[in-house]
Amino acid sequence: MKNLLEHMGIEPERLHFSWISSAESTKFVDVATKVTEAVKSLENKEKKFVKTKPKVA
Amino acid sequence: MKVIKIDKNEWADGVEKLHDNYRLIGAVREKSYHIFATLKPGQKPEMEYVNSRISPKYVIYPQSEIILECSMDENDEDYKVYHEPGDKNYEEKAVLGVRPCDADSLPLVRRNFDTDEYKDPYWLQAFETTTLVGLACDAPCPSCFCTSAGSGPYNDQNLDIMLVDNGDHYLAEILTDKGEKLAGAAGWDKDTEQGAEDSIEKRKTGAESKITSKVNTDNLANQSLLDLYDATIIWEKAAFACINCGTCTYACPTCWCFDVQDEVHGRQSYRIRNWDSCMYPLFTHHASGHNPRGTKLDRLRQRFMHKLKYYVDKYEDGIQCTGCGRCVSLCPVNIDIRRICNMMNSYDPESCTCEVTAS
Amino acid sequence: MKSYTEKIKEISKGLLEEGKVDMVIGYRKGSVPLMHQPFFAQNQQEIDEFVWDSNCGLNLANYVTDRQEKIGILATGCNSRNIATHIVEGKIKREQLYIIGIPCKGMLDRHKLAAMADGPITTVEEDEEKGTVTISGDGFSETVDKTEALQQNCSICVHRNPVIYDELVADEVKEQTRDEVDPYAGVKEIEAMSPEEKWAHFDDLLSACIRCYACRNACPLCYCPLCFVDESKPQWVGKSIDPTDVRTFHFLRAYHCAGRCTDCGACVRACPVGINVRDFTKKLEKDCFELYGWEAGMSTEQRPPLDTYKPDDPEEFIK
Amino acid sequence: MENPYIPYPVRIDEIKTETEDKSLKTFKFVFLNPEDEEKFAYRAGQFAELSIPGLGEIPIGIASSPTEKGFVKFTVFKTGKVTSYLHSMKEGDIMGIRGPLGNWYPWDMLEGKNVVIIGGGFAFTTLRSSIIYMLDPENRKKFKDIHVIYGARSPGMLLYKDELEAWAGLDDLNMHITVDGTDDPDWPHHTGFVPTITEQEAPSGTEDTYAIVCGPPIMIKFTQPVLDKLGYTEDRIIMSLENRMKCGIGMCGRCNIGKEFVCKDGPVFTLKQLNQTPKEY
């Protein structure tokens, strides 16, 4: 999944896979923060796979 | 009808001027084939092309189109009250170089969208604001059969202007007021030399003679609808091959079926009309699970019966097809409407047999 | 190819006469160049319509899904691998099939040839001795090496001979090796791009898509009774030609084929606007080969890698 | 140019659960703009598209009668995406109605005739409309004998129970209510399938007697031979069809049976007409 998403142009920083148990709340916060920061730091701010108004006639 | 002469350099100048008054749509090369697309300022349409891969019906009838919108925010006046979108744009547009077969499809489609009881405002407004500058066709494909499908390479009945390529110039038939207006805006008004109409006639005969494949339709109206419906010999083999994709219907200039879908984005709801296809099982699938056209055979038969029998009977004005040949050349499994049509036309319910032609 | 056709007819005749099968699935001559029609024969007259040459591109495995009859079926390398996948996935039983194996020399690329031609193609002739293909039409005629006229998936194919069969119509053809051809050259080109370039590449690739679903429906793997794009409860993807929806459709469809795709090229061949859908699927095929050493449909015993779990599956992507 | 795709905005005025399994609810709508009610002038047998912004539309037969003023009513079976959502909506919610659509039962032709209404399950909605319409004092004199045969699986699955009881007490209407089965020893009406009750109770199919049949396919299948036996010719059997619809105005192309659109040329057809089309319903 990650490979194909990257293959078609989703930046690696936008994708993250972690194994977090329901007991590991600190790890979840930690990972979520890291991912948000990684995405924010991307140069390209274009939203991908986000649809606002359908681009149709 | 008036015939004028447009030198090819005047053609280019005229197109340049037209950009000011019209949104221009013309054939452009997309990778390895042509499509009809809005021309950028200064861009000229290609006039030497094998007909566009997909029919230009989307100029008037876009594949996806927002037909209604409303707010999903309680504080707005149009909260959950659908209305026409405010940004619909029906500016004057002109299609340059459209083929007669594609123009001839428009009245066939119109009778669906423009009825005594209901009028489709989107199709009609788009149609009424469109001027069709046709290009008589000198390069028919092997899959073309327009001459036996109520159209023809030089058919000017549904055009506003028809251009005939005559070497270094076009001979242009000005056919309607819309055409007159466009020619005026482009500054095309040169009289033709003597014999222009003869040249058109000669070229027309030449073009028609190049179209060798045809469909026989003379007996379709006499056939019993239910006999054809039950004629397994016509449907079985084609239905086997059919993969039920929508290629034939989406490429076809005379197919109009659509689906309506709601989409919500943010606090706005859109009602969108998308092309749909009778080839898809979902097209007729009831919420209960029942499907009146549940098999491949049902759906394939629907497409051909619709075009070649139901509408022959309904409007008594020939088949719902202009012979553009796109479905023939694009079908991934070579289901050929010419073959099916000839089978339907020649079907003998007594013996359950029909003539099978090569194409 | 004449000899193939004759042999196919001969085998089919025997199968039907001996009552070993109820029908034989092959191709009959198409009404337009480069396009034969999948066709089933149940009697001599129909057998006579059978044809085999380089225009038999649509994967016949499509036509056995969930069928109850006993079926004779032609199978090239990729077709046989899809039949094997069908057997593994329970879509047909091995004992229902009599597989007529066809050592394959590749199919002609109808999109490429149409683009090469200077007008509509009326005839296509293949010279087997010289290994050339001549396309001609009104006022033009062009001869090219067959290797240049092949579908891309065929030119890089490393499994031209059927992997399962009951009988072959001819001796096996020589396989191309991974040293001679790089099956992943196309994928690597995209892999070398930056994210922006990749995004733009796929935007451009899909710009012509009309969502006719020919790619999906031509694919023998896409046999779901209700495809995710057609579901309404929940609705996974919009149905318009909005670029996000179009991309979502292609991306997810490709993913459903991961580890199952044999790169038969039916999707690309079927596409009316010539989109190289393989830009999606080939990447997954490469990953499956490199990560799991897996090639789809090589046996009727093993389930595809994304269908199974092994403790040593690679998991570098989990951080 | 009137845009046939724009629904009239309405408010849900009242919701009534009809059946014990809660799968059927009757919605009473009031038009937000009172002038729209006039534009929505309909005849018994027509349908409309119920429009829920953000979800879509569903074609539903109109259950109220044109003689009932100030509101329109629809009884909806919970089955797909839109109907499930509708069932979760509350009184006061805003949505839309587009119509009226399609044709109606042939009221002009039925004048001066005996009318037998045969209905089963939740296909009784436009039949309710028809009964109320015919019972209106202005209209009742236009028709001769009226018979109504209506059946459901069990007493708890009957629609419009209060009205059924009221109709059963009328002198100028022959009401035959039936259920497939019941545990209730005091059940005052018939027990048995609709075709059986039709055979017992329906008048014979004389020249001036017409049957309107609406129900699930299985009921229709077994009622048809009964009507045959009673002497009803195919042009005196009137049926209302359902097919998947989107536009409701004969444009989107999916609901056709042969050259007729169920949405525009129907939904009401005589059996004679149906016998001339493919059975794609």
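So that you can tell them apart, the chains are marked A, B, C and D in the order they are listed, and the count of residues begins at 1 in each.
We adopt the following convention: a residue touches a chain if its C-beta (ideal position, glycine included) is under 8 Å from a C-beta of that chain, and two chains touch if they have at least 3 such contacts.
Just so you know, these numbers come straight off a predicted model, no measurement behind them.
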- Does B-D or A-C have the larger number of C-beta pairs in contact? B-D
- If every chain is reduced to the average of its C-alpha atoms, which one ends up farthest from subunit A? D
- Between subunit B and subunit D, centroid-to-centroid distance (C-alpha), Å: 39
- In whole angstrom, what separates the CA-based centres of subunit A and subunit C? 34
- Note on the structure: For the pair subunit A and subunit B, the C-alpha centroid-to-centroid distance in angstrom is 43
- Task: Round to the nearest whole Å and give the separation of the Cα centres of subunit C and subunit D.
- Result: 51
- Note on the structure: Touching at least 2 other chains, the residues of subunit A are 51, 54, 56
- Send over the residues of subunit D in touch with two or more other chains. 80
- Please set out, as single numbers or ranges, the residues of subunit C touching at least two other chains. 238, 240-242
- State which pairs of chains touch, listing all of them. A-B, A-C, B-C, B-D, C-D
- Using the touch definition up top, name the residues of subunit D that touch subunit B in the complex. 1-7, 9, 32, 51-57, 79-80, 83, 94-96, 217, 242-244, 246-247, 249-259, 264, 276-281
- Query: Once bound in the complex, which stretches of subunit C touch subunit B?
  - Reply: 30-33, 35-40, 58, 62-63, 111, 114-115, 119-122, 137-138, 208, 210-214, 216-218, 230, 238-242, 269-270, 272-274
- Message: Quick check: in the complex, which residue numbers of subunit D touch subunit C?
- Response: 80-81, 84
- Complex interface listing, subunit B residues touching subunit D: 67-68, 70, 72, 79-84, 112-113, 115, 117-121, 124-125, 225-226, 229, 256-264, 269, 271, 276, 278, 283-288, 290, 292-293, 298, 302, 305-306, 310-311, 313-314
- Task: Can you check the complex and tell me which residues of subunit B touch subunit C?
- Result: 30-33, 35, 50, 53-54, 63-64, 139-143, 210, 237, 240-241, 243-247, 249-251, 259, 261, 263, 272, 274, 277, 280, 282, 328-336, 338-339, 358-359
